[in-house]
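Before I ask anything, let me first share the structure, which is written out below as C-alpha cells.
Chain IDs A, B, C and D follow the sequence of writing; residue 1 opens each chain.
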Amino acid sequence: MESLSASSALYIPAPQSPCVSMRALVKPDPGPGMVLQEVPVPTPGPNDVLIRVLVAGVCGTDLHIWEWDAWAAGRLKPPLVIGHEFSGRIEKLGPEAEAEGLLEVGDLVTAEGHIVCGHCLPCRTGNAHLCSRTRIIGVDRDGAFADYISMPASNVIRLDGIPPEIGAIMDPIGNAVHTVLAGAEVPGSTVFILGCGPIGCFAVGVARAAGASLVIASDLNARRLELARAMGAHVTLNPRDDDVVDRIRELTGGDGVDQVCEMSGHPEGHAQAFAAARPGGQVNLLGTPSRNTEVNFARDVIFKGLTLYGVTGRKMYSTWHAMQRLLKTGQLDPRPVITHRFPLEAIGDAIAIIKDGQAGKVILEVGK
Amino acid sequence: MESLSASSALYIPAPQSPCVSMRALVKPDPGPGMVLQEVPVPTPGPNDVLIRVLVAGVCGTDLHIWEWDAWAAGRLKPPLVIGHEFSGRIEKLGPEAEAEGLLEVGDLVTAEGHIVCGHCLPCRTGNAHLCSRTRIIGVDRDGAFADYISMPASNVIRLDGIPPEIGAIMDPIGNAVHTVLAGAEVPGSTVFILGCGPIGCFAVGVARAAGASLVIASDLNARRLELARAMGAHVTLNPRDDDVVDRIRELTGGDGVDQVCEMSGHPEGHAQAFAAARPGGQVNLLGTPSRNTEVNFARDVIFKGLTLYGVTGRKMYSTWHAMQRLLKTGQLDPRPVITHRFPLEAIGDAIAIIKDGQAGKVILEVGK
Amino acid sequence: MESLSASSALYIPAPQSPCVSMRALVKPDPGPGMVLQEVPVPTPGPNDVLIRVLVAGVCGTDLHIWEWDAWAAGRLKPPLVIGHEFSGRIEKLGPEAEAEGLLEVGDLVTAEGHIVCGHCLPCRTGNAHLCSRTRIIGVDRDGAFADYISMPASNVIRLDGIPPEIGAIMDPIGNAVHTVLAGAEVPGSTVFILGCGPIGCFAVGVARAAGASLVIASDLNARRLELARAMGAHVTLNPRDDDVVDRIRELTGGDGVDQVCEMSGHPEGHAQAFAAARPGGQVNLLGTPSRNTEVNFARDVIFKGLTLYGVTGRKMYSTWHAMQRLLKTGQLDPRPVITHRFPLEAIGDAIAIIKDGQAGKVILEVGK
Amino acid sequence: MESLSASSALYIPAPQSPCVSMRALVKPDPGPGMVLQEVPVPTPGPNDVLIRVLVAGVCGTDLHIWEWDAWAAGRLKPPLVIGHEFSGRIEKLGPEAEAEGLLEVGDLVTAEGHIVCGHCLPCRTGNAHLCSRTRIIGVDRDGAFADYISMPASNVIRLDGIPPEIGAIMDPIGNAVHTVLAGAEVPGSTVFILGCGPIGCFAVGVARAAGASLVIASDLNARRLELARAMGAHVTLNPRDDDVVDRIRELTGGDGVDQVCEMSGHPEGHAQAFAAARPGGQVNLLGTPSRNTEVNFARDVIFKGLTLYGVTGRKMYSTWHAMQRLLKTGQLDPRPVITHRFPLEAIGDAIAIIKDGQAGKVILEVGK
C-alpha cells in the first residue's frame, strides 16, 4: 500500500503547453495503484461540455480499482482516468450544447456519471439507470480525478447554490435518495438503515429529511454509528452488542419497520433485513454482496408479503430532482459525513484511510 | 345569536338516576341552536363500545347545524345529539367487541366518525370514506357533545399516548393528512395551502412534518396566517396585499408548486389553485364551495397535465395510521391551532367565536 | 393411500336428527387421512351467516393435511372439518348480519377463507391478507368439506351470476389474480408463468384477460402445459426440452419479460425467474419452497433493478373485486382447468388424483 | 372551401434539381388554406435523421391550421410545412445520430412530434410532454406533409413490423393510449369513452385490448358510433336518444364507471363525465373545450372523491412503449377507424371530409 501511495505522489510534468494538458489520476496499465500524470485536456464533442473539476469524491469503487480486484480487472481497460464523483465549473460548450442555451460557461455543476444510450426500453420508460449500454465515467471512459472532464450536456446538473463540496458527492447521496424514497411512503414511517458507510449515513439524513418518524441504523463500526447519529439516527445498534432484530421489534411495538435499506452487502445483512421488516414492508437493497445469500423465501418474503427492490445508481432524473430540493433547503446536510479532504496528489492517503474503515466520506480538493 | 347562546346555557336536570342519564347538546327540533339536555346514556350493541367523552372538537359543520342552514335542514333528523370530533375513555364493551380482545375498559381512544357499511365497492377497495351508506355521528346518528357515546368497535382508535386534547381533533387533522399526502410525493416538494382555517393550518404542519421543502400558505385573515406561521409555513400570503400567483411563481423559480391543497372552498380559490400548480402538478380539493366554479379546462388542467383529487373524510385507516405516527413522535404538533377551550354548556360561546373568524380550533372540555 | 381412501369412504350415520347434524370430512385425530362423519350443523354467531355448501375445491394444502406432513402436524388441532374453497347458498343470518341488510337467505355466495382481526396495522392499511391473527377455515377452524359452514358476514361474497362451480374455486383464482395484477401494468406486457398447477393455469388466463401481449408458461408436466395452453398461453416451455431462459430472451427481443409469476415453489424456479425478468422487471412469488434458495443478489436483483413481491392470499377485497369483474364478463373462464369432479365421500380418490400430478383443479360436488 | 381546395391542388414545379427539392404542403402566409410547393429537402443536423415520408395522418389540428382560426393565427409563423403525424423510411443520419448506432438507413419509423428541451423539470421527471419549450412539427417547425422531414434521432421510433399506415397515426393512437392507461387499473374495469372522433375510437380499442370488462362509447354522430362499435365498444349511446348518465348507471349496477375518458371537449361533456364516474373513479380529460365549464366541485368532485387528469400528448416514452406492444401483437388494430386515403395534393378534399364530420381517420399516401 505504501509503495502504491508513493507511486501516486510521483508527479511527471508533461511537455505539452499548460492550456492543452492537465493533471489526472490515471490507471496506466492493468494492476494496482494509480499514477498522477499530465494528459491532454479532453475535447468536448458537439453535445458535450468541458468542466473544470473543483472537488471530487472518492468511492469504495475507487478502492476496488486501486487494488485491481477481480471486478476491476474484468471491467476496466487502461489507460484510464479514474473518478466518477465530482463538481466543477463549465469551461466550454460544444456547439449543439451551446445552441440549446440551457448551460453557460461559468455555471457551477455536477453530473450524473452514468452515460446511457437514451433509446432502449429502460431509457425510454424511466429506468435509464438500468440501460445495458451504460458507460460510467472513471470506469468505462475517462473520469473526474483530473483538472478537466468532458461530459454530455444532458448529464450535467447545475448546482444552483449547492456548495461544490456537496455537489461533488451528489452521486452517492443520490444512491441514498434512490434507496430511501423508492417505493415507500416515508413521511411518518419507520426506517432501518443496515450499514453505515457514507451512503448509509446519507440515507439516515434522507430518511429524516423525508419525515420518517423513527430511523434506526446499525453497523459493526462504532465510528460509523457516530456519523449516523450525527446525521440524525434516532437509535443506533451494533450487532456486536445488540440483538438487532429483537431491538427493532421492541422499538416498533413488535411489528418491525416499514422499510429496510440494506446498505451493507453482507449476506447476513439480508437475513436481518428480511427479519426486521414488518409484514407488508419494503426492503431496498443497495449493498452488493460478493457471494450468494441463502433465502428462506416462504417464511421471509412470501408469508410476510414483503417487497424487495434492487437499487442501482440514481433515477434519471427524478432522484436528482428530489435530491436538489433536499440539499438546497438544507433539510439534508451531508457534510457531517465528510471526514477527510486531500489534494489530488494524495490519492494514496485517501485510499488508505478508506481502507482503514475509520473514514466517512473522503473528498479530493482538485481546483478552484 | 345571543338568544341561541343563552338557550344553550339553560341546563335542565333530568329525573333519571345519574348512571343511566347524561348531559348532551341536542338539536331537539328543526331550527337554529342546540340545547343542553339530560338524555339516556346509550346502550352499546354487541359490536360497540361505550366511551366516556373527555374532549370534543367544534367544527364548521357544527356551525352549519347550529344555524340550521339549507344543508343542515335537508340532512338532519332531530332530535339528535350533535358533535363528531372527540376523545374519551372506554367504559364498556359489547360482547362481540369484548370477545375480539383488542380494546379494553379504560383505554383512551378517539374514533372515525364515519360509520360505513363495510360491504360496498368503495368499502371493499380502500375507499370506505366514499361509502354511500355512511352515517356520520352528530349528523346522521347521535354524536359526541355528550358525556357518553356508543361507537362500533371497528371505528375506535386507541390514543396510545397521544394527549386526549389532540385525540379530540384527529378527525380534522385526518382531513389535513388525507389532503396533503394524497397522490403527491411530499418529501422535498413545494406545497401551497390555500385557506388557513383549522384544517388548513393542520395541513401546513403535516406538509412540514412530511418533509416539504417549501410550504406557502394564504388567507385573507391575518390571525389565521399567524397560526399558519406557528405551524411552520415558510411564507404566508394575503390576497389583500399580495399577488398570490405571481409570488408563488417567484418563489418556485417560475414553475409553480408541486402540490396545492385547496382548503378555502371559494371558487376564486380554484382558479388560483390551478394557476399556482406547476405543469404536471397536483391539486387536492377539500374546501367545499357553495356555488359553481368556472373552469378553463384547456388552459388550466389539460395543457398543464394537472391532476385534481377531491378529498372527503379520511382514508380508513391508512390516513389514521400515518396521522398516529406523526402525532406520537411529535413531528406534528397541532396544539398551536387550538385557540379556545370551553365547557360543554358554553357551546353558544364556542359557536360565536368560530363565526367571528378569529378562532383557530375550538374545543369543548367535557369530562375527566 | 388405498387404506386411507377406504377409511374416508366409510360413512358413519349419526344418531342426531337430520336438521341439526350434517356430513363433514373431518380430521378426527393427528395423523394421515380424513373421515366422513356426522357432526353438528354449526350455529352462526351474531355477525355470521350459515351457508349450505354446494361445491368445494380441493387444494394442495388439503393434500398436506391428508398426508399430515410436518406443516400440518405443527398447525392443525384436530378434530377439525377440512376444506377452505367453496361456494354455497345462504341458509340463515345472525341478527347483526341480518340487520345490515346486505345479504339474504338464498343468496349464492362464496367467501374469503382468511378470517382476520380487522384492527391491526395490516388490516387497517390494505394488507389484511397479512394479519397475524388470521384464522383460515379448514386449517385453524372448521372448514367447508361439509354440508354447512358458518362464516362471518364480512367474508362472504355474492356470486351475482358467477356459476357455483367457479365460485367454489375463487380462492385459488384469487391467488392468481393477486399474483398477476400486483405491481405490474399488465396491458401490453410480457408475462412468464413459472409452474402450471391450477393456480399457474389460472394465472395464464388472468394475464390474457388483463391484456398481456405475450404469456409464456413452463412446467415439467406435459399435461399441465396442455391446460396452460387451454387457458391461453401463447408459448409453453418444458425445462426437460427447452432452455427456458434462452427461449424467453429470444421471444422478448433479448430483454426478458416484464413480469414473472413464480408459482412452482422450486428453488431452481427462483433462479430462472430472476434470469427471465427484464431489467427493471417484476417477480411475484406465490409458490412456497420447502427449502432455502441461494440468491446472487448483486447480479440478479440489484444490478437488474428487479422488484420482488411475496404473494399471500388475496387482497381484501380489491383482488376479489377485480376477479368478480373478470369472471362475470367471461373474460376469464377457469373451467378448462377443472379436470375432475367427485362427491364428498370420494375425497380419497380426489386426493389420490392430485397426488398423481395429472389433475388440473379437482372439485367436490357437495350439495344442491 | 372549394377555392382553398383548388389552390392546394395547384402544383408549382420548382427549378431545383430533384435531389435537393421536394414536394411539401406549405402555409405560405397567414390566412386560410395550404399550398403544395417545391421546397428544399431539409438538411439533418448532427443529432438528426432525414426521413422519407410514406404515409401521413391528417388531424383536427390541421383543420384549425387550414382554416386559420384564432389559435392558429396566434401560434404559427408562416411559411411553414404542415403535418405532424407520419411514418417513413430513414434516408440519412447526422454524424452524432449515426455514431449512436441505434438507427440505420432504411429503417421504417415514425416519430414523436413534440420536440422537447430534455433539461427542464418536466423533461427530467417523466413529464416531457409538458415541457414548456416544446416545439411541435407542423406547428412550430416544418412538418411532415412533405416528401422528407428531418427529426431529432431521439424522437424517432422504429416500426419493427407495424405497418406504415398504422405507424403514420401513432401520434393520435398514443393520445388514446395515454388517456386510457393514465392512473386507472384497466383490466376488468368499466370505461366510458365520451366522444368518438378518431382518438375516441382508438381509445375504445385500447380499453378493450387492456382488458376492460365494459366499454361504453357516446357521440351525437351515428357514423362515429358505428366506428366505435367496430373498435369493440360493448354499448354505444347517442345523447339524442339516450339519457347517457342514467344508462351508464343502469349498466354498472348503479355505481357509475371506473373511468371516463373525456374526448369531446364539450363543456356539457364535462358534466356528463363527472356524473358518469363512480365514487372514487377517474376522469381523464383529453378533449380541449373552447370555452369555460361550470363545475359543481362539491357535489361532482369532492364528495365523490374523483380524480381528474389533464391529458396532453404522449408520455415520452412509456406511452409509446405500451402502444408498440399493443400494435405489434394486433391486440389493438386501429385500421377500422381509417376511412379515407388521399394523395398529398388532395389535402383540400381531406380537410373537407374531416370538416363534414363523417370521416374517421383520414390519411395521406405520400411516398413509397
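Everything that follows uses one rule, which is that a residue touches a chain if its C-beta (ideal position, glycine included) is under 8 Å from a C-beta of that chain, and two chains touch if they have at least 3 such contacts.
Treat the numbers as computed from the prediction; the structure is a model and nothing was measured.
Annotation of chain A and chain B: jointly contacted by C, D, touch as defined at the top. A count of contacting C-beta pairs for B-C and for C-D identifies C-D as the more extensively joined pair.
Averaging Cα coordinates per chain places chain C and chain D 44 Å apart. Residue numbers of chain C whose C-beta contacts span two or more other chains: 121, 125. Listing the residues of chain B that touch chain C in their complex gives 45-47, 96, 100, 102, 117-119, 121, 124-126, 153-154, 316-318, 320-321.
On the side of chain D, the complex with chain C involves touching residues 181, 185-190, 209-211, 213-214, 322-323, 325-326, 328-329, 331. Considering their complex, residues 121-122, 125, 127, 129-130, 132, 183, 255, 265, 270, 278-280, 285-286, 288-290, 292-298, 301-312 of chain A touch chain C.
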